[in-house]
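One chain, chain A, appears in both complexes that follow, with chain B as partner in the first and chain C in the second.
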Partner chain A sequence: MKKDKRYGMVIDLDKCTGCGSCMAACMAENNVPFREDESNKLLSITWMRVYKLTNGKPFPETDVCYLPRPCMHCGGQHEGHSPCVSVCPATATDYSLKTGIVSQIYTRCFGCRYCMASCPYHARYFNWWDPVWPDGMEKYLNPKVSPRMRGVVEKCSFCFHRYQLAKEKAYIQGRRELAEDEYQTSCTQACPAGAITFGDLNNHKHSVYKDKKNPNAFRLLERLGTNPKVYYISSRAWVRRAGDNYLRNEAKPAKAVQHG
Partner chain B sequence: MDSALIPKGVKRAPLWQFILFLGAPGTVALWGVYAMLLCWFKGLNQTNMNDAYGFALWIWADLAVIAVGGGAFFSGLLRYIFGKDVLKSIINYAVLIGFICYSSALLILAIDIGQPLRGWFIFWHANVHSMLTEVAFCLSAYFCVLTIEYIPLILENRQIDKVPFFHKLGHNMHEIMAVFAATGAFLSFFHQGSLGGVAGVLYGRPFGFREGLFIWPWTFFLYTWSAAACGPCFTILVTKITEKVTRKKLVKDDAIEFLAKVSGWMILAYITAKTIDTWYWATVTAPSKGFALMDFYSNNPFYGIWILIVEVVVCGFVPALILITAKGRKNNKALWTAVILAVVGVCLNRWVMVLQVLAVPVLTFENWVMYIPSWQEIATTILPVAYGIILIAVSYRYLPVFPHEAELNPLEPSTAPEPESAAVELPVEPGQGLIPAEA
Partner chain C sequence: MKIGRRSFLSFLIGGAAGTALSPMPLKLTDDSAIWTQMWPWTPVPEDGEISHVNSTCTLCPGHCGITVCKINDRAIKIEGMKGHPVNDGGICLLGVSGLQLLYGPTRVQTPLKRVGARGSGRWEKISWEAAVSEVVKQLGDLRAEGKSHSVGLITGSDRGTVPQLFARFMTAYGSNNVMRTPSMRDSYELTLQRMHGTRALPGFDFENADFILSFGSGIIDGWGSPVRMFKAFSGWRSNHGKVVQIEPRLSRTAAKSDRWIPVKPGTEGVLALGLAHVIIKEALYSSDFIDNYSVGFEDLQRLVLDKYSPDNVAAITAIDQKDIVTLARDFAAASKPLAICGRGRGSVSGSLDEFMAVHALNALVGNINKKGGVRAVSEIDYINWPEVQMDAVAAAGMQHERLDGAGSKNHPDTRSLLNRLPAAISSKEESSLQALLVTGANPLYTMPGSTAVKKAMAGIPFVVSFSSYMDETAQNADLILPNHTYLERFEDVPTPFGLQQPVTSLARPAVEPQFNTQHVGDVVIRIAKALGGSIAGAFPWEGYQTCLKETLGNKWETLMTKGFRLDDNDRAFAGQMTFDTPSGKFEFANKETGRMPQFSPIKIEGDEKLYPLVLVPYDSFRLAGGYIGTPPFAVKTVEDTVLKGKDVFVELNPETARALRLREGQHAILSTPRGQAKVKVHWFDGIRPGVVALPRGLGHTAYDKYLAEKGVNFNELIGPVEDPGTGCDAAWGIMAKLSKA
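And then the complex of A and B:
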């Protein structure tokens, strides 16, 4: 019997230049709302957010790393026990055992924000305002993705509408399986450096299957037991260490510093 | 003018004075209602919450009022299940305070959700794994229980009691009140615990996360215990404040002392358990996630280790030690100090378990985020206080909330109004009080 899919991402931080294409592509693809003044990042909605990390050392030893952070689509310690899915009181966020994707049902969310409190990655965002699009922009919205109203939580869906579209196409063609390139997220396709790879972590034919086994691969906050599906690769030890918290006596290098 | 509505055997201020008294809380309540309408019509952008602080002042207020409202279920448990008749004097008031606390919590929750019209989804699409679902069910059910416990007191109003149906209804409700007290204690155990579980299950937030027993984190039990321990202190505190305002003795000393004694031992047990829990969390749970204790209490402008010391020592062990000694309970100043500290302590515990949980950075490249509530949040949080004062004032004026008031404050014949024109009928024999309206 074939294993269920576990869609995930591997992001090569050595390749990421911090250009922000992934963020822009994500916003356009998913009709992510924005406001005239986006200077307060605690109120901005960025399903994909690029963090800038430095090793905190003075010149000439300064080193910088850009870290794109989508939703981690956590599986939890027993599959499906994601931090957010387990706490949502109205079952407005769900974990698919077929794809491993954490979904958000906007029309069911009533905006209690418990899921936001539970997410250590700050990957969940609240619509503090109704979306207001600049004149004429409504015509450019993606018809496959419903815009969200004020008062509900939203987050990265791994472009799930693309998965649905690819599945429909395959079904019409009499297939059950998707090829790796049939379902790709918008950020993956937009990255000019090819830093992001996306696919089924359980499928040995997919690049992510191989990439996640890279000795320099790590996940963010693994020690919490969130079991995320986004892997990072970095050849730099301080970047890998920045992925988790360590006690002082664990003899780990100093924590990274985030800017911007 | 309203003397026909005032209970027999007691004296109340003239109506104009009463209305004037209601002016201040009434104004504050209007301010709160205005802020509430702003939040409902314009959305939660009226607050200073943000994506780092999805939970903030309102959730704290909810947790705090439910904790201090715990006096109702615990007093009910002692009075009706354990048969502690000494609490007759205060049980009605404990129920009234509980009713105010729980109705306030529901009101705040209704403001706090992003889509208020979808509030019922929590029942319709219930996720049985969520602590918040359990909170919603038990809290609503317990509010119904409190309403049922409050109704007989309303039916004791002089004019309502004259209607035979209401008189009999009130009487029959008294007869079965033990059933509701037991139901209330059962429901309270679960929703108080679930509120503790809200932070305790957040395994992505090392400051809040606790291990536990089966599906319940230790905070589940600590919250139930702390509400049962500190809730009665709030009941005592509000009673004392009411006595100050009315310049009357309303509750017998033995009731206060008994409640204070039980509360003292409960707080001592709770704070000992809390200390053990904190110790285990600081030395085992948090380090296993890569956090040292001081990571949670440094590199920020507000959350220092002082907050833990204040909560556990100053507002935990100190009031417990005062209340378990007869000397402490009998000394008025010490009693005031102890009940205030206990109430502050439980509120502080709820604060850190909501606000500090979110303030602590978890990703290594993020920083502490501080939060100051907006005026709309403050106004809507004060609204329940104003509403509480109004409901207490109205209930005190027209209902026999304190069954021993007449006995404790015998009226001088010269101050007695004419029976046909006023509320008071004299004389009241010693030992003969108002008809006890045991909630």
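And then the complex of A and C:
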């Protein structure tokens, strides 16, 4: 049997400029709504969010790094644990063994927000209000992604609708496998610095397969055993260390990375 | 039957267990999902046939190729165009949000005439005939009174057919008061004119350079052509290119560079001369270039050896002497070093001395007209319209001195000094401008000293805006003749700033015009025709599209099929070491023309005793700072340490904050000699003590509720400071004071 696909991302933080194109490209692709005041970041829906990290040192040793955070699509049944999937009482979020993507089915979600509480990455957002687009702006909405309504949780889907479209196209052409460039997320495509690469982590022909083995690669909160499918690369040690929580005097432990 | 305690409890527990085991909880869960979601007001976007239109983004001077994805007649997404020489598939935050401008609430939907007081927002919708005849009447009357020279024009750019049609109109009408929005282009053009002998844009071959020395340029904060710069930056990360950022604040560029030199603000030019000192003293310069292709080296040598030794420079810039020497050596040792300047996004013209000092570094290491170097990129010359036949009124009008003094005896080479306009208007009882046309610009917001600008504009009896959006200037105009947005119109787009290869791109309609707007090119032709006589005669075209097609000639076909066109007549990068200077060589100085190297620092406004801090602006890529208002998607990405609710944060070093007893997040009053504003304090270690930084792009009073009334407009707190050489604005900051609110 062919090996399952595990779609994942490698984000090169040395290249990421923190420009925010990925955030806007995601909002445009996925019909993410906006409100008058978006400065309360707990309420602001950003499937992709760029965090600003600092090394905490005084002037002039200060350093800053930007870290884009999509949904980590935690390992689930692929040797790991997706915290949101296991807590959802409505089976509104599920782990796909075919793609490794953690889905979010809006019509099943009834807004208990248990998944938000369980997600260690703050990747999930709740619609406290119905989305309202100013008069006429509804024209730009993408028909491939349904707009969400008040009372449901939403999150990054790795642009799953693009996977479906690419799959359909391939089927029509009599193919069953997708080439690497046929399925790319909106953020990957938009990133002007080329910092994001996306592909099948199990496929040695895809660049993510090689990139994730970079000695400077790390994942967020690896010690939780969630086996995230988003890898980061940084040549700065303090950035790599910021990817997890450590006791003050703890040396960085030998990596327990599951490079599946 | 007697109901006892035991039977009552059994009944309760049994009932609960029974309900739990029944399908009811599941059914209720499902129902609640259905009942809370099936509301008709959640839009269901219509599906349909997918198509793509290739065009060019003109939201900023970056001029990226874009592909607009459509479903039926709706544009649903803007993506970067693959294979375009500027951005090859990449796109920025602003570009990707473009549809929010197209379909957004900030559009001016039909010609409007003011009915209330200026700026009161009370408008009357009028027809295009009425709007055009109103302009024609006002301009016609002024012309009949012999006051044609009292009409002014402010444009966003002076390149391409649309700005050129406007300029042509002004000539035929009889006024030379044509001004463009200032930018670092002003100083770069003059630098190249003096040193290369060509008035041109600089072209930097960043892709092949390996050491970038940036004097405050926001390489990844919107300088030049942003997406191209992001890509170049990424290239340096992959091929071990080095980036050194010289600026007082740890900007995105500084944070991502290999070395950050936190120089004292405003002393960047001195540092450049200090580096030149080391390079010359240690003979690290390219003797091939200096000996064979340059003149005036000795003059530069005298200047820097006399005055700019590392210890002098260290005292001025607050950078360690050793660091200066090391930096100079590293720069000279690199195989393709490039020095660039223009602070942040480059929205201020800047000091010519500073630009020339920085550019001299490129020449010292001989990286001129080479692969990986810098060159002068001439404009692609396709606008060859017949000379305007001026009538007597026009000829008389053109004889008048320009109001801003550009091109006068003091500043013969400067073409436009918009920064001087407010003072020129306000200095007389009756405004020296009787009518002002504004296209592709928003001077009321973008010009330093906004309060003075607003006052000056209030004195102009007739203000016409051609803006597609209700910006600050449109809001305060008498008449708005709305242009199509860039996604609804044809337009030729010239080479973006900084590109080493001349390229013309085409913007073309991705969708039908959404509202009752008209192409500004058509409108100017229409006004000219209605004015009649020689003015009408200067515009032989039926409309803008005919004009564009005729002007582009055989280029039209390529542009229509490919979307862009590289210049075939372009001089090759390598080899050509000829310069159009009087000496035929690169000129550090020229004794014969009397131009000697010099450096006079720009003194910023404000008394140190009253205003102990230095306020500098910073450009954040998440906020558009220019004519275009930041769309909602982009505002959403602004960090909560920059904007919280309606409050903007100023960045302050914790050391300074402690001295001022200002806590993180505390309200404070920021005052400068030009004005004051309520801000919040954000402690940031990445800024020099004694410096306060405020982002550009906030404090709008116009546009939609997603942008307006948030934060403070930096331009309200600063005024222009003239560069003695060019007359352009060179204010890089202003003295300021922070006190508890």
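Following the convention adopted for this analysis, the second predicted complex is superposed on the first by the 244 of 260 C-alpha atoms of A that agree within 3 Å, B and C clash if a C-alpha of one lies under 4 Å from a C-alpha of the other, contacts with A are read in each partner's own complex, and residues count from 1 in each chain.
Note that a contact is a pair of C-beta atoms (placed from the backbone, for glycine too) under 8 Å apart; a residue touches a chain by one contact, two chains touch by 3 or more.
A quick note: this is a predicted structure, and the numbers were derived from the prediction, not measured.
Visitor: Overlaying on chain A: chain B and chain C, fit or clash?
Guide: Overlaying the two structures gives a clash between chain B and chain C.
Visitor: Thinking of the overlay built on chain A, is A:Pro89 touched by chain B (first), by chain C (second), by both, or by neither?
Guide: Touch status of A:Pro89: both partners.
Visitor: Looking at the overlay, does A:Leu247 come into contact with chain B only (first), chain C only (second), both, or neither?
Guide: First partner only, chain B.
Visitor: Report for A:Ser21: first if it touches chain B alone, second if chain C alone, otherwise both or neither.
Guide: Touch partner of A:Ser21: chain C, not chain B.
Visitor: First (chain B), second (chain C), both or neither: which does A:Leu221 touch?
Guide: The answer is first: A:Leu221 touches chain B but not chain C.
Visitor: Quick check on the superposed pair: does A:Asn40 touch chain B, chain C, both, or neither? Answer first, second, both or neither.
Guide: Touch partners of A:Asn40: chain B and chain C.
Visitor: Who does A:Val152 touch here: chain B (first), chain C (second), both, or neither?
Guide: both
Visitor: Just chain B (first), just chain C (second), both, or neither: which does A:Leu97 touch?
Guide: A:Leu97 sits against neither chain B nor chain C.
Visitor: Between chain B (first) and chain C (second), which does A:Ala237 come into contact with in this model arrangement: first, second, both, or neither?
Guide: neither
Visitor: So, does A:Ala117 touch the first partner chain B, the second partner chain C, both, or neither?
Guide: first
Visitor: With the two complexes overlaid, spot the stretch of chain B among 43-51, 115-123, 241-249 or 403-411 whose C-alpha atoms clash with chain C.
Guide: The listed stretch with clashing C-alpha atoms is 115-123.
Visitor: Using the superposition described at the top, list the residues of chain A that contact chain B and also contact chain C.
Guide: Residues 40, 44, 89-90, 92, 108-111, 130, 149-152 of chain A touch both chain B and chain C.
Visitor: Quick one: which bits of chain A touch chain B in the complex? Just the residue numbers, please.
Guide: 40, 42-44, 51, 53, 67, 83, 86-92, 108-114, 116-122, 124-130, 149-153, 220-221, 223-226, 242-248, 250, 255-258
Visitor: Can you list the chain B residues touching chain A in their complex?
Guide: For this pair, the touching residues of chain B are 43-45, 49-55, 112-116, 118-119, 121-122, 124-127, 129-133, 136, 198, 201-206, 287-292, 295, 357-358, 362-367, 369.
Visitor: Would you mind writing out the residues of chain C in touch with chain A in their complex?
Guide: Its residues touching chain A are 29-30, 32-34, 36-37, 39, 41-48, 71, 74-80, 87, 89-93, 96-97, 99-100, 102-105, 220, 226-227, 230-231, 233-234, 237-238, 250, 252, 255-256, 260, 262, 514, 621-622, 632-641, 643-645, 653-655, 684-689, 704-706.
Visitor: Once bound in the complex, which stretches of chain A touch chain C?
Guide: Spelled out, the residues of chain A in touch with chain C are 12, 14-15, 17-21, 23-25, 27-29, 31, 34, 36-41, 44, 46, 50, 52, 54, 56-60, 62-66, 89-90, 92, 106-111, 130-131, 133-144, 146-152, 189-195.
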